[in-house]
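Each of the two complexes below includes chain A, the first together with chain B, the second together with chain C.
Up next, the complex of A and B:
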């Protein structure tokens, strides 16, 4: 056998186990998901083709509408907050504390990242408890009346957002910090020679250099927001009312509580399209010209 | 005089920033300290004084005795370890083929890997669920483990694979080393750092995974820790010590892993940034 033929054979042998799982668990399911989304499919009877009715129903579904509204608010709160916080903390550590202390702070902030969202949700439910939670106790010191954080629709979503920000900042901090370390120090030295102050340096060097990283952080932040589920499940179960419903929560409910598989697939594909759109819009504004 | 002022204000600024950072670190860690303390109290109050803290593990004993917490603990360990092993084997093999064997069709295969990266798990979840159900695989380890493999790991290892020198592989071939031998004895040791990062990342996502185990394992014997914790919270709502003991148990494994493999952790998770 020639070397080329041998490489062909062995190449396929090595790639096949992974490629088969990919095909079985991602490629085929996507195709089937698309097919199911055009059918009425409760688990008991076989799928019945109904065209795009699931999609029409989805956009009229009050739960989907609430989910979209909530996701929008969720993105507007969490994404700017976690991006700015993680960027500032990374910049402070990179500028002033490139020592053991800075590493310690980074290590502490990474602990929430490795814990599960269900755990974070459980902890924050206790911390934000109306009568006995620590947060209200601290606020009471400042004369603030007890707030029913998770029990009323005006604050429930904000509370989930706070938990999400708390969990995510450490992650994005690590990414921003790595980006800051990649900026050549000669840039800053040149700026210093030209008489640029620290603040001027931050806006003229640091921020532009962090552009691709910021793009990544924003995109990930938005995609994660669209996929929010675990924390909502652990903290509010979508309530009170529909105030913390998310798209994935709607999908979960439709598929595994109401057994409307076709409809759930349609909502999942809507989620997919939203993520693709966000990705591409972001790329327009932030992406490198080269790609 | 100006210089003295400047260095003084600089020092004040440094101190203020240092204190702010400390405050942020405390906010990041406090909930976990609170969890540990509460798990060692037998009060059913969230407000407790430090004198209530007794180190008698009563809550931990309770969790195991009253809820069979040992079963989800065992399941999570089995599922996470098997997922890691499987992912390492599949990803390193695929990455080797894609990077070192430019086989016929490899470009297309790679393009398919690329394309699947953008697909959120919620899209594939329902068809996989239906497939598993039709095959009678609900409530099985296979259903928990197999779907966890995806293209991300292949990318991670493939990037590292390019640093394996072709000359080394060719030299071994001339010496008569077979394909499998070269992969196991030459390639695998060289890509070990990438596999450690992949393992860390896979372990954390398998351990913390919630939605998939929630829907595919309805049997209490097959629950994983995250699902068990969410049920614990509902069942023993005001028995805070007990719920916190359960929470602490779910937290131990990732925390220990993090404590020992901090560097690989941060790298692995930072690399996972590519994953959507």
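Up next, the complex of A and C:
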């Protein structure tokens, strides 16, 4: 065996475990999901091929239509908010509190990340309770009438988004903080010599240097938000009406409550395509500089 | 009509059941010993899946099945699955071939399993004498065959009232009609400052059992006809929806009802903040423990009376490798001794066999004999879960003034017909 062939063989051997893991846990399930999406399949009996009927039904289904709309709104609210908030808090800690207080704040901000979603959902349900919630009590001090946060279409999704943002900010904060620590202090010293103020430094040094980190945070944020399920499950069960139905919640209902696994696979693949498209648009926007 | 007929049979069966309760211990003994006489299932392993009814169901069943295990040589693995993941776990278990031999199921689950052949008919495994011991045996005949063994039957959704609050408002009896309900609720709110009557519209579709279906039956309607066709486009369905909607627009129920789930409402009842609510009769124990001076009526009446009653069951899975042993386990689980202990220790319900003594709340005993023909179980029909989801979502929108009662029902009918 030539040296090149030997090298190739070793290469394959090293790659094989990851390759097999990918094939077994990702590639095969995607292919199977695609197949099931073309069938009427309840899991309890054999799949029956029905072509693209599940896809046609999905786009006509009022629950899927509401889910699509709600999921996009959810992404549009949570992703920018959690990105901006985590970046600002990380920048403030990096600039002003690189001490035990900063570490304490970071630890506190990370607690929601490791908390159960059901717990966070229940907590926010209590906070935003119409009659006994703290939020309405505080608003009442300022003369604002009680808001039925989770009981009206116009505010239910926003309330779920607030809970999700609160839960996620700590995670992205840590990522941003690590990115901030990687920016050489000499850049700031040079800018200071040139007379740049704090705000100018932030926009001309911090933001550009955080570009790869921001790309990562946005990518993760978008994917997580498209997969929104747990908060909805814990707080609203998709209601009131269809106002907080998300795509993953609809997939869950179709698969496990309605025994329509084929249909659920079709909606899941629609979601997969959306995430793929949005992610590629994002890549175009950020170019290759994130590398 | 068919269900009404079954209900009428139920009444007579219930009458005989309750009447025989005090003198039937010998029958119970005979049932148990006849099923135990020649059974030998040495080495057989069975699994039994159930949802949690009491505080420690697994321990309860392990203790109470020990004698049967010793007698037959079989062993039983009891798995108690939380309510919120019950259907999910059941479906994945059955699909992956790791499902139970005997399982607990509620009506909403049945159709898909029966249609796919996952549940075995049980008629041939029971003698006529054994069948006669089950008060609700006929309820187990669904989709044309005896697929299920009625197991948790009862817990009708009744109207509970805090009699102290009603007395403060000048009333000494629980309202029995829709008009009285509205009148008493308004009076309670006016004179005590508490919520007169509350309905949880912020939960999930299962709450329809308390917040819409009872009113539908009371308006003279039904969920579906004898052929299994959805009947939410009837005048009765509309009357019920309009009444439910008027409870909100007239200020009878709390304005925040769309964000309140059933626990919030029952907790507020137990805290003395709500005077009346509709809930499962099993909630009576907690009401008493909370120190509430409560009374109830089975239902309020409009055109007629009616409310929802549980008709949950044990099923024999087709995949069971030891069906004889599994059926024997079903018989043991529903034996008078175990059922009576189950009703005493885990879940207060009326007897399901003629050999049991009534151990549910004494206040409910007469209800089961007087009103049984007005108790309705949920139908076993195709796509019922989807229809319930859609109906709940549409009625929620109605409660938020986004749809009229007519639109809410029409949307549901359209959605149901789109499912095929």
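We take it that the second predicted complex is superposed on the first by the 257 of 291 C-alpha atoms of A that agree within 3 Å, B and C clash if a C-alpha of one lies under 4 Å from a C-alpha of the other, contacts with A are read in each partner's own complex, and residues count from 1 in each chain.
The criterion applied here is as follows: contacts are C-beta pairs under 8 Å (C-beta built on N, C-alpha and C of every residue); 3 or more make two chains touch, one makes a residue touch a chain.
If you're wondering where the values come from, they're calculated on a predicted model, not measured in any experiment.
Contact with chain B, but none with chain C, is seen for A:276 once the two complexes are overlaid on the shared chain. Chain A is touched at more residues by one of its partners, and among chain B and chain C that partner is B. When the two complexes are overlaid on their common chain A, residue A:27 makes contact with chain B while staying clear of chain C.
Once the two complexes are overlaid on the shared chain, A:207 sits clear of chain B and of chain C alike.
By the touch criterion defined above, A:115 reaches chain B but does not reach chain C. When both complexes are overlaid on chain A, the residue A:170 reaches chain B alone and has no touch with chain C. Shared-chain residue A:256: touches chain B and chain C both.
In the superposition on chain A, A:129 contacts both chain B and chain C.
Touch criterion met: A:92 reaches chain B, while chain C stays clear of it. Overlap of the chain B and chain C interfaces on chain A comprises residues 43, 129, 256. Put simply, chain A touches chain B in their complex at residues 7-15, 17-19, 21-23, 25-30, 32-33, 36, 43, 89, 92-93, 96-97, 101-102, 104-105, 107-120, 122-127, 129, 132-134, 137, 166, 169-171, 174-175, 178, 216, 219-220, 223, 226-227, 229-230, 233-234, 248, 251-252, 255-256, 261, 264-265, 268-269, 271-272, 275-276, 279. On the chain C side of its complex with chain A, the touching residues are 87-88, 91-92, 94-95, 112-113, 115-118, 201-204, 254-260, 383, 385-386, 389-390, 392-394, 396-397, 399-400, 402, 411, 415, 418.
Listed in rising order, the residues of chain B touching chain A in the complex are 14, 17-18, 20-22, 24-25, 27-29, 31-32, 34-35, 38, 45-47, 89-91, 93-94, 96-98, 101-106, 109, 112-113, 116, 118-131, 133, 146-147, 149-151, 154, 179, 183, 204, 207-208, 210-211, 214-215, 226, 229-230, 233, 240, 243-244, 247, 250-251, 254-255, 257-258, 262, 265-266, 269-270, 273, 276. Those residues of chain A lying in contact with chain C across their complex are 42-45, 57, 60-63, 129-131, 146, 148-153, 236-242, 253, 256-259.
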